[in-house]
Each structure stands twice: as C-alpha cells, then as structure tokens.
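Common to both upcoming complexes is chain A, partnered first by chain B, then by chain C.
Presenting the complex of A and B:
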C-alpha cells in the first residue's frame, strides 16, 4: 500500500494512491469489526474490485472480493450505485403516476413491478377488477416471465464464457417482447397495468404473434437450451457450485427460483394466491440440490409451466370490459395494504399506506433480488474467482430493483 | 529547370560510372557477397516473407472468426466494408493503429512497451520452420520441432510481462494464469509429438512431412490418434483459445493481461493470438495430416502423356493450327446462333473463349505438375480446416475453470501422452527390432 505514484493532477508530485470511491480500501479508518476484519489483509491476499464497471456484474453491483491467488477468501457487496429514490418519488406522485415510477425497477420484468403496486392500490380502494382484465394480466405477466428467464439463460452462459446461447435465447425473448409491444406499445417498460384493469384490450397483432409463437414455443426452449444442458464443461462448472441449503435459504428470506432450487416449494401464486391463479392448473417445480445448475434447470422448468399457463388462459379468456369504472382522481380511505406477486426473481411485494389524499403516504417495495443477493456473501468464500460470476448469474439479481 | 538539370547530371554520373567500370564492379562485388552468403540472404528473404505473411493471415482469420461466429449465432456479421465485409478486419487494423497509445500511471514503462513485441516476435519466429510446400520453408532445421516449441513458449513471457507491468490487478491475474496454463500445457504438448518424432526419425518438420508422403493412410493421425487428441487439446490451451481462454476471460478479469493496453500495442497482442491460431493449425497439419502432401496421390502423371519436346514437327502444327481450329470451333456455333453478327465478331469471341479454355487447361496442367503450387493449396486447405475448428469451438463452448484446466493437463493429458509414447516405442520395437 506504500506505492507512491505520480499524481494525476501534477505528474511531478509523487502521492500515495489517491482515494476514490472505487478504491477497494476505503480512505477512512475501519468503523466496524467487520470492516476491520475485511480490509485487514493477511500475507498473499489481495482485494479486487469487481464492478461497478465490469463486463458481467448485471448492472452496477460492486463486489469487493478478497482473493488469495485464485481463491476467494471473503467478499463484500457494495450497493447503491443505481439508487434513484423511486419510493420517495412515488410518494410525491398520485396513485396513477406511481406506476410509471415503479416500472423501471426490475427492468427485465417490468410488468410485475406494475402489478404489485396496482394490486396494493386496488386493495386500498377495495376495488373489483374485471375478470377479463385479470386474465390479460396473468397472460402478459407469464409472457414477461418467460422473456426474463430466457435472458437469464443467456446471461448465465455468457458469464461462463459461452457467447452463443445468449443470442439463441434472445430469439425467444425478442418474439415475446415484440408481442408485448403490440399489446402495450413498448418493448421494455410497458406501463400497461392500471388501477382497476389494464390499459388496452387484446388486439389482433398480439394474438396472431402469440398464436405463431405458441406453436413452437416448447420446441424452441428445448433447442435453445440443448447447447448448454448437454455441454460437459457447462455442467461441470455449475453442478455443485454455490450450494445453498434449505435452512439458510429460508433464514435469509429468499424466494423465487432460488429457494425452489433448494427444495422449498414456496411460490406466491400457490402460497398466497392472487388474481385468477387459483383457477389455473400448474405445477411448482422444485429441485433438491440447491446449486447453480439446479437454479438454471429450475428456470427452464418454469418456462415450460408458464407456457402451460398461457395455454389455459387463452382457452378460458372471458369476454367483458378490461377496466373498472373509476374516477380519474382517486382518494382511498386511510389504511394500509400489502400485495405480493411472484415475479421471475421471487416474491415481489408492495406496501402502501394511504392517508386519504390522492398520494400514497408511504410506499415501499420489497424486491426479491435484494433478498437473494445476500446469499453471495456465504456462497462465495472458498470458490475460485471465476465462479463468483457463475454464482452471481445463477442468483439472477437485477440491480435496478436492488438499488431502487 | 532544376528537374531536367538533376536528370542530366544523374545520367552523366551513370555514364561515367559505367564507362569507368565502377558501377559494374560494385554490382559484381555485391552479387559476389550475396552469393558467398547465400544462406544469410535466404534467411533474410524468408524472414521478411514470413513477417509480411503474418499480417494478411491474421486479417483473414479475424474476418473468418467474425463471419463464422456470426453465422453460428444466427447473425449477419460484418457486411459493410468491402464485398461481404471482407475488409472489416483491415479496417479493424486501421482503427487500432489510429487509437491513442495509452500508458497507465504507475506502469513499468519499459516492460510495458516490450511485452507486445516479445509476444508478437515469438509467434513470427516460429513461422520460420513451418513448411508451406515442398521446398517452401524459412529454414530446414534438423531440430525444427524443438525450435518451434522453444520460440512458441516465448509468447507467454510477453503475456507475463504485460500482466506484471500494467499496474492492474486484472492484468496480474491474467498474466499469472497464462504462466500457469503454459507451464502445464507445454508438457503434454511436447510429449504428444514425441511419438511422431520416433516414427519419422527426425525432428525437422520438412522431414516429418516427407515421412508421411503417400496416401492419407500414411498420415501420422492414423498411427497416432491418441497423440493427435492430446496435441489438439494442448494446442488449444497453448493458443489461449476457448474453452481455455482464461488469460483474457472477459466475464471474470475484464481482458486479462491486455486490460491496460490500447492502440497498436493491443493490436500486437491481438495479431499474435491469431497468428498463433494459424501456427498451431499449421503444426497440426504438418505433424499429423501430411503437411503439403495430397490425401490421394495423382495416379496419372500428366507430364508423361504430354511431353512437348518429343513432338518435333507436330509441335509446329500444334502451335499454328490448333488456335485457328479451336477458335473456329467456338466461333462457328456462335455465328450460326447470331446470324446478324458480322463474322469477325464471332471469330474474336471464339478466340477469346478458346484462349480462356486453353489458359484454364494450362493452369490445371501446371497445378497437377507443379508440386509446390499444389502443396501450398493442400497445406492451406488443411490448415484452414483447423482454423475453422478453433473458431467453431469458440462459438460453442463455455470456458473451463482454472482448477479444471490444471486437472485436465496433469491428470488426463500427461498420462495419455505417456501411454501413447510407451505404445509407440513398443510398436517400433515389435515391428522394426
């Protein structure tokens, strides 16, 4: 640490490394025992900053990794590089506007970000949503889930060094995104859910695209993942890696595919049913291993289940309005509401308190990525440096949701 | 009139020089020196040719990689510059040349500057012993293979220098990884070719190719399949190609040893990588696939059928009559089909068609006869099959982990190479005691 280098401002002046916010070792004295332990380096140990600008940190997560050679000794995730204050912004907007603020939270699966607040606000208003709107919500959300999982498969392969699977999975994702663009008008931040329903009814282009895609969806999933599932290198790198046991996962409060890969069949759609999910038949796929490979396979199973759900929804789609009758300016009675949906990353919850005005008094988002990300700290030590990214990818965090 | 004056002066000096015998003397002296040191001249010419050859090779392979991976990814790939985007890699090279040459604060400047040179020179030097065709090689060393591996191992020194001097943790990790990888994979790589050396009885690459002349059944891959497998895997690791590209694993250590390099210094690393790909493809072809020999030798030597010297007067008839008759043969149907044409027009067209046919036939004749030309074609065809395989692997496979990499080298490849060595020795003892 005593290296003296020419200053960036004046090269004639030798300074010790100027402290920046990206320096691995912070410029202040350790404030907690954990900091003292983490930043006190033993012989042969080195701190490496992975992020916030790194090719594969899924956004702007910064992992300070303490390594001994290639082996990871300890790890410290640093968050907050993408904090936009969305909860506070939503508290200063009226109920309709809050939806467009929450939209870019988990930008990979935006429909779920809209659905949870919308459901919470509907609870505050004690509003009944038309059945056709509920079915359309389920249909679009399941499509979005498949798009998100397809992206996960590609990312996972990319973080392990395979460059082709991401382009194959983008075929699937692109078809779905085009479909949703036909329905909602946007490819990524849909802004489709409304308090009391959805923005627009199903249209011809959406249905014709969906019909085309449903014909080969399952075969497409098999074709896209064959390159990885039967790849010896991929299987050897992910099997047994980042093994999470059941108790720890429950203790952390993890949810979504990450906890189902540990053998806990917790799915909000089944545990706390919402919308029209009680009327639909689907399985909750679980796996016992709890490693990266199980998490990967589980998401493929979920894609298949989602296709099954979409099939049923299309057969049962009722007629009727897609929007409830509702005044433009809504003032719910004072009270509090909690609504949770099963997003591709787990339990995505929204807590809202109304004080009787047209703005939420308190607005809180419970993001599954944030909870799941805790697992990197116990999972990483002992692994090799190359595996940090494989474990990270298999947990599938999205920094937009974590930093809010 | 300064130009005219200069020219007149030059002419006068030239005349004076020729008249007094100074210039012929200088020419004869230089010629004599060159003739006396023909080996050195040959070496310099070969080295220059090889150095110039590496640049288009790297361009071709980079283009191939862009296009083939794009094809496998269901993309279009480069299609803007040149026909089918063929100039994309040249433009890449120009871009690299025009970029800022950046040295990070705190870097060890000398080592940092030398590192890309060492890597590139190591790759180019190994080219000197590679036989491209019969009689077409830089130097025919009697220890060519040893030289090849020795010089090829120089590249890793450059990578290690780059990793150490960049003042960057990712670079350091990349450099150390490349050192560990190279140390592990040099051993199975070298052991796998010992069987070939034993069969050929020589370490000269030219001699190894000649030992495989005949049909494709004489290629060493038939007698040494295990050695070829070990060699190919080790060569992939040696060239730092996927799935063994840990030194520049972009999802782990950004760009490895090359993280802090920019401009043409990065370009040298980039070039060296693709030159290495061709080099190891060429070596695989030379050692296991018969080098420049054809898979099946041409069974009818054409020069026996057509010996122009023995034709005598008939040769005169051949030269005078055949073009006229040939042109007429092509012109007549043309003239009959297009009766509105004047006769001379059909005649000229017929002559053109006949000439094209004659040149084509002559070309094929030369191709069959000229072993060197055919040898080059065969060598490049075989080598580019391997280049394609390297690119194909890059598009298909994820990256292995460093412990798996080491485990593969020490637990599988090294024993396999030793078993192969033992079996080869046993077979030689049994067959030729």
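Presenting the complex of A and C:
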C-alpha cells in the first residue's frame, strides 16, 4: 500500500497549516460590525489578498479585495506594515530632534513634513521668521511639490503598465533633487527647515542649477505629459473611473488635488494662508469631473502654477538673515498649536502641545494620504480588479505618511 | 458634545464642513479628544476639545455621522490611546497588530531605550516641569553566556 505524501492539494494539509496575519480571512471572530459585513461571503464571492508587497502599492499596503468574478465588491485596506511610531519618538525627543524624525513620513515631499511641525513650534514660541527665510521656504517647498507631482505622473503610468513615462519623470525629478541636494545637502530626507528659519542660505550651485532648469521647465512638463494626455489606453483606463462626487469628498475630509478634482477649491494656501503666500499671485486649479483622469490633469496644472510661484519668489527674494535669534535649548510656554500646510497630497497638519519642557508633550501629525486612502473604499465597488491600482495610484497615497 | 459638533457642522452661519484633524491626547490623569475644524465662513481653524475622559475607560460618541472621514482617525486614536468611539462601526486597531494589548501613545507607555524616563517615574503630568532623576539606579545586565 502506497503511503500518501502530503501535498498542498490535500485539504487536510491546508486545514492544519497555522493561520498567519497574511491570510485573507483573519483567524478570529469578527470584532466589529464592518468586519463581520466584509468577511462574510455571499454566494460567488471570494477574497483576494493584494500586498503587503505588491509591486504597485506605493509602499507596503495590504488590500483585501472581495470580488465577484472580475468585479470588485468591497475592499478592506490593512495598514501598519510601515508603522515606526514617529509620534512617540518625537514626544521623547527635543523640539529640534522632532523635526528630523518627521522627514521619512512622506518621503516624496519631505520639506512639507518639516514645515508643518516647524510652524507649529514657532506658534508655541510666538516667534517671527525672517522674511528671506519665509521666501526660501516657499521656494524650496514649491520645487519639492513639482518633484512630487512629476513622480506621480510616472507612477500612475507605471501602475497602468506603461514603463516609459516614469523614466521621463525621473529626469525632471532628478534635476530638482540635485538642486535641493545643493541647497540642503540631502537628496531625499532634507532636514532643512529649522525653528525660526532655514538651515542655510541660497548658494551659488543651487541658483545656477535653478536658472538652468527654469529655462526649460515648462517645455519639459509639456513633453512629459504629451506621452499620456492623448494616449488612448491611458485615457480609457482613467477617464470616468474612480469618480468621486463633491459631497462625499468633503465628508471624507479629502484634501489636495484629490478634492480639487471634484470641484472644491479647498487649498490651505488660500483657506488659511501661511508664510508669504498671501503676497504671491497664483491660481487654485479645479476640475469638475472628479475621476482619475481629472486628478491626473489637475496635478499638471499645479506644476505650472508652482513654476509661476517660483518665478515670483525669485524676483521678490528679499535680503537679510535666514534664521531668527534663538537659544539652542528651547522651552516654549505651555500651550497648544496647530499648523497646516498644503503638501502635494493635501492638507498636512501638525498639532503640538507644550508642557514647558524642551520636549513636545504631544506631537500629532495629520497626514493627507491617510485620509485620502479611506476614500478608496467607496470608490472601488463595481470596478474591475485590474483597475484597483489605477484608481489607487490616482489618489497618490504614500505609505510612509499613512503608517507614520 | 454631539450637539455641539452637529450645530457647528449644520448651522447655516457656521458650516464647519471640513474636519481637519482628530487627535487623542493623554494628559497624564485624563484623556482628551481634540477636533480641528475649518469652515469657508472664516479663515481660521476652530479647535474643539472634549476633556476629562477617564483614563480607565475613555468613551466618546463617534463623529462619523457628520464626517465619514473621521472613521480612520478614530480608529487611530483608539489604537494609540484606547479611546472608545461609540457608534464607529469599524473600531479596530489600525497600525498595531490585532492581538496587541497596550496603547503606545499613552504616557505610561515607555519606549525601551528611554533611560531618562524609566517606569519608576510614573506618568509625566502635563504642565508640570519634568526633571530626569539624577541618580537613577544602574541598569543591571545579565551576563552573556
């Protein structure tokens, strides 16, 4: 009698395999109403696990997708694979150290991550920043915004299966990254903003690179996007997909290009002006369609507005110091401060509480991708499974920020 | 608190339609939930603080009936502080694994290498100057075998 070799086809082997956290169906009874609703399967439905290391999830996001045939019925994003406890670390570091912890949050737009906490700490200290420092902040942030949006265009095409656009967008991003590296000394995690100003003044290398780039920036944006704007495959896979209406978007607390693509002109630079934005002239582009294609086009418009802002900043750049006079060890008076900036993904906020020591008592980061990703749940049902990533990519989430 | 938020959200003169942030705070002897709201009628933020929740069993009504987007932020506050939002239909842990039992952002949760604030010091109270203990007991290390 031949002995049976256990194989994966044997149902008993599958049953005896211990459950892991990667199993689509969790190995415990549902704990909430929503979980019971999601993990209860009706006839013909099945669960598919995407991630956490799916190549197009922009980091480590796990999606449990409930499908019926090829159509998505429901979706359950599972977060936390990149959680580093940055809020806790910052509460145990002093004010200057907390800033450098925030860099790896949204690693595509690090300067905004630093700007919001720095502004909150300045509120706690009741500190005025020199005007030249404010202008340099706006200049470097807008450059970072362009780099982030340029990368978005490439990413989105990559998630739809086109590999060429990302090579072009990396050319554009690399120019800006080299520029910022000349200014800050780092390519990605800049650590440039300081409480009371910025780390260093504009230098010759930065300005000469910036001058070179400004000459062809607009032409390059046009060239990059010409590949996609009229591309039939791209347009078919984005237009009309992932449509979000105005009221839902507001209810979900979405912000940034995602809400402006639904026709809501909410931009923190206008809603609650900070830094020197009230002195600058720029438009808030909006679109009415609210679909993936609108979100893509809107970001191109924003790149053009950012180039326009940089142009004005360079013409108006005042002379003077770039740092306020400040002691090394800062101890703000007890109080609370909330500051928000408009990052490439939306409203990026920081809530800080001081208890009079040199460490923040509470340090809270509000990340726009975290809120925007929630909207993926009502957007998906009815779409094809293959379009899940296309819609996700158009929301431009960055897992570093979502998972903190 | 539900009435306050509903009035802020629905009143025709106020219209605080944007929930900018929802944060949990551990003050050392009580818990707080802090909401930041924005309305198009004013350029400034509005901060609403729900204070004096008990540390043992903090409970707040959920704001998801006004702002759907509060759901995940409430899940985060639950995960980090153990604040229970009644009416949130998906109050699970969001960052920590499902079988995790403590609440990391509470002030009595110490990170392992935080020598200046050892568990013996207890909870660090808010608005009270914290001074690290000068003569902390030396850490005993087990001899490697």
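The rule is simple: the second predicted complex is superposed on the first by the 387 of 404 C-alpha atoms of A that agree within 3 Å, B and C clash if a C-alpha of one lies under 4 Å from a C-alpha of the other, contacts with A are read in each partner's own complex, and residues count from 1 in each chain.
Note that in this section contacts are C-beta pairs under 8 Å (C-beta built on N, C-alpha and C of every residue); 3 or more make two chains touch, one makes a residue touch a chain.
The structure displayed is predicted, hence computed values, not measured ones.
With the C-alpha superposition on chain A as described, chain C and chain B fit side by side in the combined arrangement. By the touch criterion stated above, A:273 is placed in contact with chain C alone, chain B being left untouched.
After overlaying the two complexes on the shared chain, residue contacts for A:135 are found with neither chain B nor chain C.
By the touch criterion stated above, A:296 is placed in contact with neither chain B nor chain C. By the touch criterion defined above, A:88 reaches chain C but does not reach chain B.
Of the two partner chains placed around the shared chain by superposition, chain C is the only one that A:340 touches, whereas chain B remains out of contact.
Set against each other, chain B and chain C touch different numbers of residues in chain A, with C touching more. Across the overlaid pair of complexes, the angle with its corner at the CA centre of chain A and arms to chain B and chain C is 140°, in steps of 10. When the two structures are aligned on the shared chain, A:112 is found in touch with neither chain B nor chain C. Of the two partner chains placed around the shared chain by superposition, chain B is the only one that A:159 touches, whereas chain C remains out of contact.
Of the two partner chains, chain C is the only one that A:31 touches; chain B does not reach it.
Taken over all C-alpha pairs, chain B and chain C come no nearer than 25 Å in the superposed arrangement.
Counting contacts by the rule stated earlier, no residue of chain A appears in both its interface with chain B and its interface with chain C. If you check the complex, the residues on chain B that touch chain A are 69, 72-75, 105-106, 169-170, 173, 177, 242-243, 245-246, 249-254, 394-404.
Those residues of chain A that touch chain C in the complex are listed here as 21, 26, 28, 31-35, 79-80, 83, 85, 87-89, 91-92, 248, 250-255, 266, 271-273, 334, 336, 338, 340, 347, 349, 351, 353, 355-357, 359, 361-362, 364, 366, 370-371, 373-375, 403-404. Across the interface of their complex, chain B is touched by residues 3, 5-6, 8, 11, 46, 48, 54-56, 70, 157-164, 167-168, 171, 227-228, 231, 233-234, 236-237, 384-389 of chain A.
Residue ranges of chain C in contact with chain A, taken from their complex: 17-21, 23, 25-26, 34, 36, 38, 40, 43-45, 47, 67-73, 76, 80, 89-98, 104-105, 109, 111, 114, 117, 124, 126-130.
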